[in-house]
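The following pair of complexes shares a single chain, subunit A, combined with subunit B in the former and subunit C in the latter.
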Partner chain A sequence: MIDLPAIETSRLSKSYGQMEAVRDLNLCVTANRITGFLGSNGAGKSTTIKMLLGMIRPTSGGGAVLGRRIDHPAESVKLRRDVAYVSEDKRLYGYMTVEQTIRFTSGFYPGWRSETAWLLLRKYELPPERKVRSLSKGMRTKLALLLAISRGPKLLILDEPSEGLDPVGVEQLLESLVSQSGEGTTVFFSSHQIEEVERIADRVCILDHGRLLMDLSLDEIREGYRQIDVVFPVEAPEREFRLPGVESIETKGRQLRLLSSGNTDEIVAQARALSASEIDVAPVGLREIFLRTVKSSHALV
Partner chain B sequence: MFFKLTATSGQPLYIQLVQQIRHAVECGALRHGDQLPGIRTLAEELTVSPNTVAKAYSELEHDGILELRQGSGAFICLSRRSRSVVDHVEDARQRAGALIDELREEGLRDDEIRRVFEAELLRPAEVTVRR
Partner chain C sequence: MLWYKAWLETRSRFLVSLVGMVALPSYWVFHEDGLGTRLDWYYRTLHNGHGLLSAMWVLAVILLMMGGLLREKAAGTSSFTLALPVSRAHLMRVRILFGLAQAMTLIIIPWGVMFLVAAATGNANSVSQAFFYVILLAGGGVVFFAVALLVSSVVEGEYTAPAVCFGILFLDIVAFENGPLTSYSPWTFLVGTEYFDRASQQLAGPVPWVHFSANVLAAILLIAISIRAIQRTEF
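On to the complex of A and B.
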């Protein structure tokens, strides 16, 4: 499989007056993969997505989605045929019923897959006769997802898709994303639900204060990242651990806690050489990595 | 077969999948000719990226344990050599079982036996055997 980028940006930036929402973002999202886009509230995730879709203009920098330039109005219109987007606010017409919405939307897309739409309607247990305005938030999300998937897009972009879904709904959403990916669709979804990203994503990009802090495959994280706890007979010699691979260090008296992104053997050897009385190496989840990375980036700001 | 993938175990999911299928073959839960679900089906069942399953299957195919047939799924396929490995592991399991029974009879507790096994496994091998 050739790993062509489905999304590529170069120094993409957006400012609102003094506020820099996105700063010099170099993003590369591989095709045929599921990529999670993590960040705290206000990190710049939605702004980035809207720039990718040509909905807002970058202040500087640029990029391409499926090989089409995002800052080029004509290209951006063509692009939207191949990209399905489930937005945070799920814009739907309230006066239409669920079924009317599906029929109405299908008319815009020549590649519409009716069978998929009716299948998902049953799977998501959406009431066909209900007016969209009376749907719960979770049901609206499911309807928006149904519309996006039934278009058979090459790229599916979702902004916080699991917001407002109950646990069953979240499961259905994740299954649908996995199934779409199995059909060859590139999936790019923003979230602050770390567990969801950890379960289904191939790669994760972490955004904070408009900057890209991390872009890694989940396999690399699972193989490389470790939490190393060390106890010393004396006060922990923090300075001796400025080694390659050490991402963050915390000390509490004689205890030292490290987050490493690799080079674990050398770090452990160093702890032994400094006569550590106890060394514990444990795998570390994405939640821990996310929190520590964001925290140490805030410390630098 | 049933799988159990742990997102936070410090091991890539595809490796967990490879190991669990290998283990199922070694203990006889999966036999020559048994069918595994297709990549998409298994990915949906486990709610993991299809690339995870594809990577695992391709590794098992490379090892000669799995045969991928276009359109009809994945089949366990054991060469004579890997079948003898399966027999070997089964034989080892029985011998280890007998030894454990013996040690229990001598009054050793299970956690003590486990520690003995673990400690012995950490000892560098005197004879290196390549499979």
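On to the complex of A and C.
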């Protein structure tokens, strides 16, 4: 049986006047997996998430979350019963105490897991009687996470969840996300922290200037992507390497650094044919892929 | 649970308003014994007490209605609220009904206490007069309630929205006072200037239900516009 995607968008776009925040986004987030949503500041990640949750209307295109249309108000209400969202700034009602916030939120979800809430309250060391306004950002993040997890969502959407957390908090967060995924929850989270994405995500989407540049599984990245350093005795013939699979090329005098997403053998053969004096092929991390992909995209823009 | 949130969000403002509105007009009526025991003087005092109460009520209701999703947007909590499985129309309905309940409480309890004080100190104990005043305050006040709701639904900013509301109130008092349009002024209606008979120092004539209904209709229109505005706003 093939699972329906948890999130699916089709040519989803959002413009503010002349500025296109999201452009023709075709996103497909697989159910029961952890998907990292990477992008620089202003790439359109938060705008995309807000469109998914009905907070912003798309300019064109559409999409569905858990099979429900995002641009239909009644459907949007229904989909939010099964979705938990932790926003970027994690602001909660300052006039409520931690306990009141939990009681308030629990009232909206019939499947609320009180035991989970209690366990997380202790694990995160949150003071029940303290007003939310007097919590640090890290504690607010933990409370937001507690509220998200305890409702037993089918889909967990988090916008920069680790921002403001100390290293222990980050570890707890990542553990919680992995554990949620293990229980069958789809996790979709945006982040600047590439290492976090690389550690827990099954799949990575890279967004830049509102366009989806990459949507691959971590396995595909590990198996397919290579960094190829080539040194020539004369000036590097960059044009000769515009081959299938070459994602980006950086030239520095006689040296050429290529990022390939496949077709490595043919690229290496081409380097040999052009009398390269040195050829070095190495696996490449997500950070390098992200930086090079975004850089290439900026060069095109 | 939205009622619970609405209560926690406004309870300080509401309780301070309630205490102030119970204490000040009643104190005023209790100590206003100018011409001894003349009954008409006590009704005059009650009329003045109503004016004071009306001013306090309008200010309190404007401050009470300065919440909602736009305020939450400024405070950064709108994302949390809008991610809850409820429609924006539902959020607005709860806010409106809860706000109306608070506004009506701020009429009935302070007016009731003031009336009891007036009755005890000067035999100004006409229930029909009290009812007339309450209807005027509710009928004129509902327009200010709706204006405050509309302003808080279209004007962002913690201080800008109340400033705009107070500006509208000031404009109403200044522009409509003693002019040809005075009959259309919600403020004139709620303080009862048009219905006050100086000879008897009481409100005269039948309760103006037509004018009351017109005010309520205007308020309903403003409330409907507010709901539409919030449904269309992007957060």
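Here, the second predicted complex is superposed on the first by the 298 of 301 C-alpha atoms of A that agree within 3 Å, B and C clash if a C-alpha of one lies under 4 Å from a C-alpha of the other, contacts with A are read in each partner's own complex, and residues count from 1 in each chain.
Criterion: a residue touches a chain if its C-beta (ideal position, glycine included) is under 8 Å from a C-beta of that chain, and two chains touch if they have at least 3 such contacts.
The structure displayed is predicted, hence computed values, not measured ones.
Undergrad: Is the arrangement of subunit B and subunit C around the shared subunit A a clash or a fit after superposition?
TA: After superposition on subunit A, subunit B vs subunit C: fit, no clash.
Undergrad: With both complexes superposed on chain A, which partner does A:122 reach: first (subunit B), second (subunit C), both or neither?
TA: Touch status of A:122: no partner.
Undergrad: Per the contact definition in the header, classify A:77: touching subunit B only (first), subunit C only (second), both, or neither.
TA: So A:77 only meets subunit C here.
Undergrad: First (subunit B), second (subunit C), both or neither: which does A:239 touch?
TA: A:239 contacts neither subunit B nor subunit C.
Undergrad: Examine A:175 and indicate which partner it touches, taking first as subunit B and second as subunit C; both and neither are also allowed.
TA: Only subunit B; A:175 stays clear of subunit C.
Undergrad: Looking at A:252 after the superposition, I want to know if it touches subunit B, subunit C, both of them or none. Which is it: first, second, both, neither?
TA: Neither partner.
Undergrad: First (subunit B), second (subunit C), both or neither: which does A:283 touch?
TA: A:283 sits against subunit B, while subunit C stays out of touch.
Undergrad: I want to verify one number: the closest Cα approach of subunit B to subunit C after the superposition, in Å.
TA: So the smallest C-alpha gap separating subunit B from subunit C comes to 26 Å.
Undergrad: Do any residues of subunit A touch both subunit B and subunit C, and if so, which are they?
TA: Touching subunit B in the first complex and subunit C in the second, no residue of subunit A appears in both lists.
Undergrad: Can you name the residues of subunit A that touch subunit B in the complex?
TA: 32-34, 171, 174-175, 178-179, 181-183, 195, 198-202, 218-219, 222-223, 225-226, 282-286
Undergrad: Would you pull the subunit B residues touching subunit A in the complex into a rising list?
TA: Listed in rising order, the residues are 7-14, 39-40, 43-44, 47-52.
Undergrad: Which bits of subunit C are touching subunit A when the two form their complex?
TA: 1, 4-5, 8-9, 75-80, 82-88, 231, 234-235
Undergrad: Show which residues of subunit A lie in contact with subunit C when the two form their complex.
TA: Touching subunit C: residues 50, 53-57, 73-74, 77-78, 80-81, 83-85, 87-89, 91-96, 100, 103-105, 107-109, 144 of subunit A.
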